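In the two assemblies presented below, chain A is common to both, partnered first by chain B and then by chain C.
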Partner chain A sequence: MNTGNSTFTIPLGPVHVALEEPVYFRLTVEGETIRDVNLTSGHVHRGMEAMAMQRNLLQNATLVERVCSLCSNSHSFTYCMAVENVTGLVIPPRARFLRSLAEEIKRVASHLFNTAIQAHIIGFKSLFMHTMEVREMMQDVKETVYGNRMNLGQNCIGGVKCDLTPELFTYILGMLEKVEPAVEELREVFATNSMVVGRTKGLGLLPKEDALRLGVVGPVARGSGINVDVRKASPYAAYPDLKFNVITNDGCCAYSRTRVRLDEIFESISMIRQCCRMTPDGPTKAYLPQITVNEACARTEAPRGEVFYFIRTDGTDVPQRLKWRVPSYMNWEALGVMMRDCKVADVALITNSIDPCVSCTER
Partner chain B sequence: MQDTIQGDARILKSLEVLCHNGGTVRHSADTFGNNFHWFKLDNPRLLVNAAEALRGVRARLCMISAYNSRQLGDPMQEVCYHFEFGGTVVNLTVTLNGEWPSVPSITTQFTNADWHEREMMELYGIKVANQPNPRRLFLDEEMDTGLLKDFVPLSVMMNGASSSDLWERILSDKGKKS
Partner chain C sequence: MTDTLLGILHMSIFPGGVFALALGFFFKGLDRRLEARLQRRVGPPLIQPWLDAAKLLTKETMIPKTACRQAFLLAPVFGFTGMAVCAAFIPIAGVYNGLFNMGDLLVIFYLLPIPAMAIMLGGSASSSPFGAIGFSREMLMMLAYETPLLMILLSVAMLVGKGLAGGEWGAEFSLLKIVAWQQENGSLGLNPSMIPAFIAYLIFLPGTMGVPPFDIPEAETEIIEGPLLEYGGPLLALFQITSALKTFVVLGLGVALFFPGVISAWWPINLLWFILKCLVLMVVSLTLVKSATGRFRIDQAFRFYITVPVALALCSLILVWVM
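The block that comes next holds the complex of A and B.
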């Protein structure tokens, strides 16, 4: 559609081969160059918050794990923390470590998935296949330890469901011995391969000032040089006891966001190792006390950034209000900045660089 | 949760001033020592002042939650704004009533309030004054505003409320006849 002068409007989506989930972009273009972006979502809005207010606290732990597949563990993790905060429940030390362990295992797999999709969009099929192959090792870890490849079902109110035997800790450490050099190899390829660098370096710029203004979170913020990580700022679970660095990169582009994710995998591997060695003996869950009239918040660092939960209880086992905000919700608007003056052909690649989750966003 | 007063004392003081005429202030911490501050403002109009103060300390808006204290389908009565700065969470709650039925937009102070405000406008029918971008976020334009308020949960429909009404009517009719 011609909008006057030399600009045209191009619809992209909601169903598009390069987009993993339905989202609709209305691009105002001048030739091949994007001048403005309008985003419409809502295609998979499921009313999950309304559903949560018709289920009891225990049932909701199962429901929230299904908000999203890649961040599934982060949702049940944060939700359980919110319930524990609202009831004053203190979880056992062993559960703290086992929760962080599961979260970091999921983070490695999630970051590898995002980088694999980037290779896929670029058209580097062999790199895509190889990255997915490395990720498959982490999928094996999840399946072996928790019995499931995506929804681990590990978090429950008061602790964790799955206790790990010493053999499983040894198994995880053994798998990391294979995963770490493979990721090292991948990091080298993503950092130096001319095709990857040529497509991603300097693409989808999000200057630090814009990142702060838009309140973006996770690798999108850290890829614009902002040192923001809930695990450091407000430590929870085992993170106060674990040694790790917050990875930042000042590049502000798709390349720097990928670098952040790949570097973070090594921090996660280090934390998984620390958890395997430091997890104390003892019980894995505590019992839910009397539910009172109260309200509480909880937040964690999911693979895509901060997850925020708010809960209000009225003395019954059904929450009066359960509200959550996912990292992608904060990152979508940044696409308007990132895509401006880019080529139409780069829309999918830039979108992937925020590691978007539509199901999460719309709930 | 243990009571605690930590964080930037200056900003907490400036927010406390906005809660002196009927508002409340509460401080709490989780078991890991992370602080949460809860301010119930005297009226929704003060939200802009509070947002200005928080922007001054480079706080980040995390989320906005609208809720009611009765049934799911009832009008929303309170809106809670969650901010973060320096690892501390600041929650500002405003009460909606006949005198103040709407909230002011805080997109001038926090650009990322746009999606949150549009979401509560379309899903819960809350009026946001001076919202610069009042387009639909998730729901199609053809659907009514405040759609989630119209939702009647199956459990409410089947909890005997209608049966009770019917029974009371029968009893009162019986009383009239006799």
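The block that comes next holds the complex of A and C.
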């Protein structure tokens, strides 16, 4: 075969069935094997950082929650933490627990969504439907407790908006009783089903050294055996009081990332339970003090990894600069390593394995 | 003259043409409905394939500027014609003997890959890179599933040939005689030496129909329908019609090869019995498989086809040879 000019280019995206959000891959392929990946993004740039600098601090809490849908809560969470840091505001203990509760509920739903999409990309429609059905229970929890399915609107500067009644705590615990065995079943399927394992095991390898070099975060890093979790490294909100393990897996492949996500769901379920039992009584909000000239940052562990917020204030209620770094920005770079000499069939699968959030990254 | 007219009638009304299309669409509708029920969805109404085709037929035909116009237009017609002719060759035991009483296995073996070739032709003519990938995948898949099919057909032909020749070596390729022989000597699907071949045929079905786990050439989440990507309107409807005809052909062929028994002397009962058998075959080999699996990668599928069904069919072939 003439290898001189046997490659051709395939456009993948910006609109593609397997991609939940627009991003454009230009793949140079030789037969079915990828030789080069060229990534172009910017289709959902909305100028959010510029918008944030024209709105006041309170309005921005609403704005940043709309950066992305699946980790919307993490954005408002981290933003509020940054504003609290810049003003030296300390939130009441009840608010700390309620914030962690909302965050973990979102994390369960987000991880289930990602695993469902993986099944969809493999073409396993029944498994996709089943996973989404389990996720739907978490959506019901969100809707019942917070009134919304995606943007919870729970975090506000100084605390939380929605105070949970004892009945709601009981309801959440009751739903977890249903969710936990269902996820247990899913974990079994994703770990043992020959079709899923055959398609994902050993796929999209990201060796530990590369993972460290590229600074990947979240389940991608933990799937490469790196013990990194902001909740443990610099505990915030209620995490110092909650007991949980950081899940890692040494597989370094798409399969191990899925395992990490599914295992993390159990840690999250355990944390939701702890929050439901341990949340102290008391106020849920603290008042915002005078804004001074200052700068601060905050970071949290979103479902996809570390979210970092930087804020600088000039004494007015409009921030002089608001800047954030999202986990997908770090994880994108790893795609180049993961897609080295992979097959066309696996591009979507590998992309999904880093759980990309394009609108976060481009904002 | 009457023969020609009769032939045209068989290809256009019964059992090819209208009848095969109605049955094929019915099977497809039921398949979608059953799959939905298995996934706890409601699913589309049974007439959905008709509605889809009807809607597509009213739409405009779009041809990409860079496409090879003639081949692009011809491909769906080519596939449709192949299947319409092939449908007329399928005997329905106790009802219909196959076109001109021929129903030759070799003719069917040559006609069966035509829809896949049409997809390949259309895909490469569309000038889309996804079409090109779909082309190479379809080609590999064809090589993979046609090999066991040939061996299955050979083992059936040899078994019946031996039976007809009174134990001497022989091969019988007339589907009509194969059906007649089975009606006297029992269905081949129940013959111990043919059970591996029957299982191989069940494995062949999802491959040739391009349903999961073998929907690789048209993988939606990988190459967005591949060769069919650029097709729309009446041309796409023609591909769907071809696929419905093919459903009828492969299921009908399976029934004729392995379970052609009749239960009555009255033809409408036999026709219903045939449809029922086709349905069971479809549920077992397409619907259930489809809802219990994901999609193979092309290399995995190829390896699977040239090992499992080939081994099974070879098993039957050897058993027929030695017994």
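By definition in this document, the second predicted complex is superposed on the first by the 357 of 363 C-alpha atoms of A that agree within 3 Å, B and C clash if a C-alpha of one lies under 4 Å from a C-alpha of the other, contacts with A are read in each partner's own complex, and residues count from 1 in each chain.
One rule holds in what follows: a residue touches a chain if its C-beta (ideal position, glycine included) is under 8 Å from a C-beta of that chain, and two chains touch if they have at least 3 such contacts.
Bear in mind the structure is a predicted one, so any value in this text is a computation, not a measurement.
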Note to self: In the superposed model built on chain A, check whether chain B and chain C fit or clash.
What the structure shows: fit
Next item on the list: Pick one for A:Y329: touches chain B only (first), chain C only (second), both, or neither.
Entry: first
Next item on the list: In the overlay, answer first, second, both or neither for which of chain B and chain C A:M195 touches.
Entry: second
Next item on the list: Mind working out whether A:I269 is in touch with chain B, chain C, both or neither, as first, second, both or neither?
Entry: neither
Next item on the list: Quick one: classify A:C342 as touching chain B (first), chain C (second), both or neither.
Entry: neither
Note to self: Applying the document's definition of touching, compare chain B and chain C: which contacts more of chain A?
What the structure shows: B
Next item on the list: Mind computing the angle chain B to chain A to chain C from the CA centres, in steps of 10 degrees?
Entry: 130
Notebook entry, point to check: Of the two partner chains, chain B (first) and chain C (second), which one does A:P240 touch, if any: first, second, both, or neither?
Noted result: first
Checklist line | Where chain B and chain C come nearest after superposition, their Cα distance in Å | finding: 24
Next item on the list: Would you please give the residues of chain A that touch chain B in one complex and also touch chain C in the other complex?
Entry: none
Notebook entry, point to check: Taking the complex as given, what residues does chain B use to touch chain A?
Noted result: 1, 28, 30-32, 34, 36, 38, 58, 60-63, 65, 67-69, 72, 80, 82, 84, 86-89, 91, 110-112, 114-116, 136-140, 148, 151, 153, 155
Notebook entry, point to check: If you look only at chain A, which of its residues touch chain C in the complex?
Noted result: 8-11, 16-18, 29, 31-32, 119-127, 129-130, 133, 195-196, 198-199, 343-348
Check: For chain C, which residues are in contact with chain A within the complex?
Finding: 35, 38-41, 129-130, 132-133, 136-137, 212-213, 215-216, 219-224, 290-300
Check: Which chain A residues qualify as touching chain B in the complex?
Finding: 41-42, 45, 47, 50, 53-54, 81, 84-85, 88, 90-91, 212-215, 233-236, 240, 295-299, 306, 308, 310, 312, 314, 320-321, 323-325, 329-330, 332-333, 362
